[in-house]
Each structure stands twice: as C-alpha cells, then as structure tokens.
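The same chain A turns up in both complexes below, where it pairs with chain B and then with chain C.
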Partner chain A sequence: MSTLGKATSKLPLFIFLTPILLWLFLLIVLPHIDLLRMSFRIENDYGDMVWSVSNYLEFFREPIYWLTFTRTALYAIIVTFLTLCISLPVAFYITKVAPPKFRGFLSLLLLMPFWVSELVRIYGWMILLRESGVINHFLVEWGILQQPVEMLYNDVAMTMGLVYTSMLFMVVPLLSVMDSLDDSLIEAAFDLGSNMFTIVWKIIIPHAMPGIASGSIVVFMLSLGNYLTPNLMGGKNALWFTEQIYNQFIASFNWNQGSAFGFLLLVLSSLIIFIGLRLTNQKLSKVVQ
Partner chain B sequence: MEVDLSVKSVSKRFKSFVAVDDVSFEVEKGKFFSILGPSGCGKTTLLRMIAGFEEPSKGAIYIRAQNMANISPNRRPVNLIFQHLALFPMMNVADNIGFGLARRNESKTEIRKKVSDILERVNLPGFEAKKIHHLSGGQKQRVAIARSLVLDPTVLLLDEPLGALDLKLREQMKIELKKLQMEVGTTFVYITHDQSEALVMSDHVAVMNEGRFEQIDSPQNLYTKPASPFVARFVGDNNRLPGKIVGCNDGTAELQTASGEKLLIRTDRQLTPGVQAELYIRPESVILEPAQELPELNRLNVLVSSILFDGANTQLLVESPASDDELLISLPQNRQYEHISVKDRIEIGWDARAGNCFPLP
Partner chain C sequence: MKKKVLSLMVAGGFILGLGSGVSAETLELLTWTGYAPKSLVEKFEKETGITVNTTFSNNEEMIAKLRATRGAGFDLAQPSQDRISSVQEKFNIYQPIDYTKIDAKLIVPSMLEAVKKNTMVDGKSYGVPHVYGTSGLIVNKKTAAGADDYTALLDPQYEGRVSYRLKRPTLIAMAFAEGKDPFALYGDAEKYEALMESIGQKLIDAKGLVKTYWANGDALLQSMRSGEVNVAMAWDNGGWKLNAENPDIDFVAPKSGALGWIDTFTIPAKAKNVEGAYKWINFMMRPENAAVFTNAEKYGTASAGAIEFYDDAVKANFQRSFSQADVDNIKWYPPVPAKLEAIEGKILDKVKASQ
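Moving on, here comes the complex of A and B:
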C-alpha cells in the first residue's frame, strides 16, 4: 500500500479511504466522545446539567454494580479458559492429525454454525435445553428422568452458550499457529525422550502462544461484551454487566450513568487484557498480527 | 567387535508402494556408517524406522542385541538429527541441549555441567544463553548435534543434516563431523544423497536404490570396485560404453561397441561371450594422447566438444562413435595439455584393468 502511494499520487488512496474514515469518525469516534462527555455530567438539584464524577462513584457505591462486574469478568475469564481447552485439541487435530484432504472440510464444519445469526443459534440451544425441550423429552421417554428438569437459565447453560458462540474465534488463530508448527519439532521432542504431556506443555503451547493470546483476547472481549447469550440462556439469575448498561439506557433512561458504566467496562477489560499479556509475556503488536 | 545396530531383512510398504525392500545390515560400535542414495530411494524411511517413528512391515531392528519392535522413539537408545535440525525456537541453546536431560529428570546442576561440556566439545563455549534464531547455519548444526550427543545415544542417526548449508560450510562441517565422531566414539548412521559426504566421512557406505541396498562396502571399494551399474553411475563420475562381449578367457574379455571398436577388459567377473554389457571408465582413468609403446591400452579417436574449466576439476567433454553420450575426461592442470582446444581430434586411451564391466540382465 505504501509503495503504491509513493509511486503514484496519493489522491486515489484518499478517495478510497474517505468512506471508511468517515464511517470510523462519525459512527465510532464521535459517539464515543459524546458518551465520554455524557458520563461526566449529572443533573443537579435545580435540574441543570453539571460536571461530576458521581456517575463513576455510583459504580463503587452500589455493591450490585461492582459485584456484577466482577462476576462478569470472572465468567468471561472462565469462558475464555474453557474455550481454549476445547479449541486447542480441535485445532491440533485439524492441522496435525486429520488427513490433509479432510482439513478444509473440518474447518468448514466449524465455520458452518456461524452462517446463521447468534440469535438463531441461541434459540436452537434453547429448543434443545428448555424444560419442554428436545433433550428433556428424550430423557423422560427413555426413563432416565421422572419428570423434565429446567436446564436453561443458570450459569452453566450460560457458560456453555458463551463457549459455543466464541469457539470459532479461538480455533481460527490456533489453526494458523498450529499450521506453522513444524512436525519435526514434535518428533524431535519425542525422540529426545519426552512424553505426550511434555510435548504439549514445552513445545506446542509455547509455540501456539501468540495464537492463544490473540484468540483469548477476542473471546474474552466478545464474552464480556455479550448481551444476547447471558440474557437468553442465563435468564434472571445470571447477571451480566452489559445488562446493567442496557438497563441504565433503556429502563432507567439514565444515559449519563449508562455511559459511565460503558466506559468502566472498556477500561477494566483493557486492564485485564493488559495484565493477561504481561503474565504470558506477549506483546500486543505481535499478538494482533 | 560389538555390533551396535543390526537391521534384519526390514521392509516397509505404504499401501502398494514398497519404500524399503528387504534391507539387512550391521553397524559395529564406533563406526561411521552412511546410507547413500538418490532422493526417494527409501533411506529416510529406513532411518525413521530405526528411530522408531515408523514400524517395519517386515523384519526386525536390534540395537545392542535388543529387539526394538514396539519400543517408542522416546524409549530408544538412539537419537535422530533431523534434516532441518528441528531446534526448538522457543528455547535458548542451553534449554535445547538440556531438553533430553531434563526429560531424564537429571538435576539442574548436572544438566548445566553436561551442557557446558558438550558446548565446549562442539566448539561453541559460552553459547548457553543465545537464542536459536541468532545462530548461524553452522552453529545451529553444532547445537543440534550437541543436543543429541549429550544424551550419549548408542547410535546417532543423521538425516542429511548438512543439506541446508552452503558449499564452503558443508565442506568444513564434513571434516568437523568426522573428527567429532572419532573423538566421541559414538556410532553414527548418516544418510545423504551427496556421495562426497558419504565417501569422506564414512567407514562403510551402503548404496541404496529403489528401496534396496545395491552394495555395502568401504568408500574405496565402492569407488574402485562398484558391484552394480547403478553404483558405478551413482558414486563419482563415470563414462558408460555399451557393447557386446565377443570373447572371454582367463580373466580377459573383449567388448565390441556398436561402432565396431574392440575394447580389452581385464576382470575377475565371468562374462559369457554374446551377452550385452556395459563398460564404465572413470574420467581420471583416461590417458590423453597416450604414448605409442604402452601395452594393453584401449585407444579411441575422439572429437573435443567442450572444455569445462573448474580449476583442479577441469574436464573435457569428447564425442566418440563408441558411445551415444559424450565422454567425460579429467584434464590435469599441469600445462601439458594446454594446446587442446574445442573441435580438436585427439587420441585417448585407458588401461585394460581400469574399467568395470557389467553384463546386462
């Protein structure tokens, strides 16, 4: 791109970039600036808008808010970890074990559920799991259960739903790092006396670390910011921080409070990712390549 | 003499393709054994069977008289140096070399001592903390060898480890590797398609073709007394003269080429008159413009088609009706033959004992 820009006039480049720059600026940068401004304003006793940080203080004053946030962050971390545990063997199987001619097909199988929207997929799960759903029907039919049980609307169902919706975003970066892993490294480790466990721990995971980190960031962010899955599968008991933000905007119509929560979510999730990168010794610029 | 590695009628087939076909050999303790063959001849498969990455379809492999069947690579007393070395890029030099020792649960101080000893041995003292991608090709080579040698394997297997190096470095590493092998006294099994590597380093060389061993011999015998036309062609340069045996008695045979020249051959091999045969002459066995009084010399009149100047290895390409292919002749650079130029007609000759003649099946 840069050589092209140097070789010819830069004008065509700007013409083509204008729509995307406008889009970024008008739909992302501007609203964020406005939200940020809004989060620092409250209505005083006379009904005038004044500058204040009390929207942010509210988050720490009410335990329900920061408890919900901690819960959300913890569950997002658990979801990320579970997704990783499932995706690592899947990616390894597709790139290293499966016959080469099936690799494309297997990747396609992974991709297929993502051809329909998240909402449809979640409703699919709900049809399977709810009290009058498919699984309950068969369990009762076969005499395993006396009467149907409600499998939806708890943390387990919600976690499963989140893992399911975000798995692809972990598998894809893992597929590419696993693909770049030279088979002979695994053989060499085997030849030098390691067992399967040390090969995974000393060779595969260190090699896959950039992919693990980038997949984890995406999955963590997607889970943390997910509204649909916790709401539909977690039900009333599974509080999610995005629901709090939604409530402030839509139910309480308190946009100032809502935008403060939004920014807190942004800052805190960035902080968690920063800590995660530090702990695993990865660099953001390398991970997002 | 103790036998470290013994391979007994080993075959390996992949579906209908036979990669290794009934191969047997023994390697004595402390020897440098090479398997030389063109790419795709099955030598890598053979090596991977010894290392344990493939199971033989038939036959057995013994290391120090112990059958290796169903023993996985991590439990075999052999180590393999991979073609592309397979150093672990996520570890430094010390961790790479100490990897196998750590798997044996040796103590940290013990590992550190052994690593620094072996680095000394491969001429890389003080390289412990270096990253793998900071090393040059030759240094990587030595680290890979150190990583395997530090485990003190019964047999060290090497899968064309010099292939990736440039020519100068390869020549240097050849000598170094041979020296190192003599110092440590470990049995080496080395596979290569480069005949010079095999000849320079080995005590014994097996020439492999299409899954079979054509000949197992010392490098000298391989060169001077090839057992088959394939070995004659594959090891070193050779000139092929096809023809028909017209007479044979008492160690002397006569070959008539298609163009009618009769060539005298002194050989121990039984050649029956009437069979088709091929005579192989080394480029350096050919005498240029031989003196008239020399006895038992086969003489041919040839046309110089080109001069391939390559310093000490300068060669002449000549055309002769006796062969369809051009003949290759070494041209000594002692100024005696400076007058020879392209399109000249010259006489060449060779001693009756110089060639190797094989009857065609």
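Moving on, here comes the complex of A and C:
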C-alpha cells in the first residue's frame, strides 16, 4: 500500500518534469553531443573526415587564439569586478537607505533599460558616444572641447557597455541578500566606534557573499559569452573569443574548429569560476540557492 | 522561482506547438538587405497570392544557415556567383536550376552564360544572375581629394578617417593594388596564403589609421555623412546614394580595378515552394520591376531592357564613376575554391586581434 501511494504521488511530478527534460535533452544535450563529436573531427588531405584532437591543439598552438581567450577572460573579470563595485552601493541604498515605499519603484527603474533589446541599448550608447554624437556635441557647444573626440571603439567604451548590460544581474541577487541583513548589526558597529570602511568590509560583504558570488558568476558568464557589445562598441581592436567562434563557423566554414573553441570556452570558463569559488571559500551548491 | 521557470517553459512549449499551423502559400526568401523592396513584394503578393517572407543576410551567413539545415527552411537564396560551386560540391545545399522555367529573354545573355559556367558542378548549373555591382572606394572629395586607389586606405594622411570591411574583398583589393593578381593564385593555396599573409601584415601595420571596421552598410553611410570617415572601401551603390545627398561624396572606381560581383538566385536543396521561387525570379527580372529595384538601390541588374526604365540620375551615376577604361578594368570574381576561406579567415582574425 505504502509503495503504491508513493508511486502515484510521484506521477504528477514526472508529468510536469517531462517538458523540461525533453527541452533540456532535445534542445541542449543532443546538440552539444553533436558539437562535441564534431569538435574531434578534421578533414585530412584527401578531403575525408577523420578523428583527431588537432582542433583543440590548434587553440594552444596558435597564439592568436589563446591570447584572444586570455584577453576576453581578463576583461570579463574586470567587468565583473566593476559591476560589483557599482551594484553593491546601489543594492545597499535600495534595501537600507531608501524609504520602503520607493523600493519597488527604484527596482523598477533598474529593470527599465531591459525592456528594450540589447541591440537597441548598444545603439543608444553609440549615438551618445560617437564622434558626431550627443555628448561630443554638447562638450563642444559649451566650449569644454575644441574638437569632438572619438569616445567609441576602444576598450573603455566596451567595458562600460558590458558593465551597463550586466548590472541588473548583479543587483538582483544582492538585493535579496541585503534584505536579510539585520540593521542592528550595523548600528551596533557604529556604536562600538567602527568606521564605514570596517562596516562594509567586516559586516556587509561577508553577509552578502553568497549574493556576490552568484551575481559574479552570472555577470562573468554573460560578459564572456557576449558578442554584440564588444563587436559594436569595441570596434576595431576588440576581438572577443565568441567572435572567433562565430568566424570559424560562418566565415571559414570550419564548424569542427568552431565547436572545439566552443567547448574550450565552456571548460575554461567553468574552471575560472571553480577557482574563483575556491579562492573566496564558497560552495556552488550554496551560491545557486 | 523554480515553479515560475517551469510554468514559463510549459507555456513556451504550447506557443511553439501552436505556431506551426499556417496554411497560406508562402515563399521563404533568404537575401541581402534591399534586394526585396516592399513595393515589389506587395505587387508580387497581389499577382500570385503568395506571401513573401524575407530574411536578410550575407554570403557567409546564407551558406552557414543552409548548411545547418542541409538546404531546408528557404525556397530561394541569393549568394554571390563565386561562392556557389565549391559550397555545392562540399555541402550539397542547392538544387540544379531548371532553365526552361526561366524566361531567358528577360536576362542579359552574356551574364546568364557566365553565371551558368561559374556555378556548374557535375554538368549542372545552380545560379541565375540577378544583381551586379562593384566594390571600390567611397571618397569625400573635399577632404580626401587624392584618394583614387585602394592604397589610400593605408595612407597616413587620412589617419582616423578610413574604414573598410574586415572581409575577403579587402584582402583581394589590396593584393590588386600591389600589382599582384590574387585570382591567378586561386589554384595554388600555398602561394595564395603567402600573398595574403603579406597583405594581412600591411593591414596590421596601418591599423592605427582605421576609424573602425564596418560591418553594416547603413552604419558606414552614416559615418561618411557625418564626416567621421572620408575614405572607405565599399559597394558602389552606397557612394551613389550619398552622392544624391551630398555631391562631395562619390563612388570612385580604383585605379587597380573595381571588384565586380554578381549576386544570383539559387534554390536550396530542400525548398518547399520551388514553383513559387521560379515565379519570383521571373517576376523580379521583368524590366519594369528590375528598374524599380535599381532606381531604389542603385545596383545594376541583370535584367535585359531594364535600362529603359532607369532614372536619369541612375544612368549618370555609372557614367560619372566609370570611364570605359575603368569598366574594362573591373576584376570579376572567379569561383572561390574550397579551403581559401579558412586561410583568409585566420589572417582576418589576426588583423582584428592585433593592437
């Protein structure tokens, strides 16, 4: 009787799980298996496809590929750090300082830019920053600049674009951890004569650590996998690793090399996150809660 | 949170399921921006009752899209004639054209013959010419009067005012500007790679001069309009469009030869509406329709007799930019052998990655 009861109670669960499992399996697992298979195949001199690891070796053999990856990863880390520096005060302000009735409104303001697509947001930035753009126009008008300068197409513009695009994904997890921070801890710290820096360093950051870690993972992955922002705002110097994957698939027709790069990106970025979690003594199972 | 995700996924599944019940006859067209003007699409829909769905793309993406589905999903594609035969040999994504279904009277005979020859695989041809044009220089004559060849793109006096695409035509144009003939080396991959390596190095050395590598034609025109870019390598129609707004800017046929391309109609291997595709081809090649396209987009058309319907300004464009010698000097792309794309892709990556 008891076993039957268990079986029937699990049936609805399976019914509801089926779409997700099918979704995951058909649209994510299967294509990845095919890509993985493809990444181990190359065309030999006779035009036949054979098994080989040379697609992966190519990444380490050709400096341009691993240099591009290193550069991409470094910039993604910088972007993650900057996003954190901006989001932490924002999240603190919304949860602790702003009057409660404005909290919803402020969160909504943060969400607003995400109602339009990333492409539109990036073009908006381009209109602002370009040499004949809005900011330059006013700077020249007010006599601050003699001549318009190009603010677009460099690493600073690109980094700013990436920070802007990913800020929300850092603020949201921070809001939820900050909410659970007890105000009396901060008050007590003030009473005991500690300054602002100590409070941030000893109370707020340790408390917010799970939120910081999960936000950082999301922002890091989003920046690393971004294609539009580096391409449009970074311009001529910003070769992003995703663009190299795109180039392999589209321009060179070399899907095998492209899928090898795709898997390298997956493995290497997971590795970076693993190291990051280790360094900050976090557990993945706790962070993703 | 998990529950929300779940219900979203379920909802998504329903929407996907519902979307597939469309019944009216459609034509899925994979083409370049501007190749299916709205007025012509509406006229065609009225005449035939077929709904036209357009997807805008470029050569590389068209091939990648069709390769991913092994030639399904579209009824008609428009790759350039030089990119068809090697792709067809390798991936088998098109079906042979039945030339009896095409009204040959509508097409300039020499172009039809040339495209038939260049797109032939195993005795069958895969393309019908539609549009032709050239790549050369768009120059602002006020600020860059001396620019008359591709070498202007490497000239320090135009520092920060230069733009080009980081795609194979740029490499090929630079090779011609050096007095080399890259097309002659198409058969010799090693020599071709050495030549392209040296061209790539030149582009890297002169990278500081470049404003940005353009990828979107409209974005380039915007930069030229605002004076951010004064010399660019681009398609002739862009220069002519700008000339109509600002007479200082014009297309210039470079001394070492403009690069001539012909875009075609091809029918993907698993096209569903093949009859509709032929209808669209014959419709677009009718002189009055072809002229509507040319008057709007400024590209030349392979339609015979369309010239009678051209605007005077369009005729004047061609005469202004091309002397007879320039026309004779146009370098028409021969079919690209396989493997060259990989060589070029790597060099272009290097140029983009260099600091």
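Note that the second predicted complex is superposed on the first by the 277 of 289 C-alpha atoms of A that agree within 3 Å, B and C clash if a C-alpha of one lies under 4 Å from a C-alpha of the other, contacts with A are read in each partner's own complex, and residues count from 1 in each chain.
Just so we're on the same page, contacts are C-beta pairs under 8 Å (C-beta built on N, C-alpha and C of every residue); 3 or more make two chains touch, one makes a residue touch a chain.
Keep in mind it's a predicted model, so treat the numbers as computed, not measured.
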With the two complexes overlaid on their shared chain, look at chain A and say whether chain B and chain C clash or fit. fit
Quick one: chain B or chain C, who's touching more of chain A? C
Tell me the contact category for A:251 with respect to chain B and chain C: first, second, both or neither. second
A:179 in the overlay: touching chain B, chain C, both, or neither? Say first, second, both or neither. neither
Which partner chains sit in contact with A:191 here, chain B, chain C, both or neither? Use first/second/both/neither. first
Who does A:130 touch here: chain B (first), chain C (second), both, or neither? second
After lining up the shared chain so the two structures overlap, which partner does A:206 touch, if you call chain B first and chain C second: first, second, both or neither? first
Between chain B (first) and chain C (second), which does A:150 come into contact with in this model arrangement: first, second, both, or neither? second
Minimum C-alpha distance between chain B and chain C after superposition, to be given in whole Å. 26
Using the touch rule from the top, collect the residues of chain C that touch chain A in their complex. 6, 9-10, 13, 60-61, 63-64, 67, 87, 160, 167, 207, 210-213, 215, 226-228, 341-342, 344-346, 348-350, 352-353, 355
Can you name the residues of chain B that touch chain A in the complex? 51-53, 72-75, 79-80, 82-84, 86-90, 99-100, 103-104, 147-148, 151
Quick one: in the complex, what on chain A touches chain B? 182, 184-185, 187-195, 198, 202-203, 206-207
Residues on chain A engaged by chain C in the complex (per definition of touch): 16, 19-20, 23, 62, 64, 67-68, 130-132, 150, 152-153, 231, 235-237, 239, 243-244, 247-255
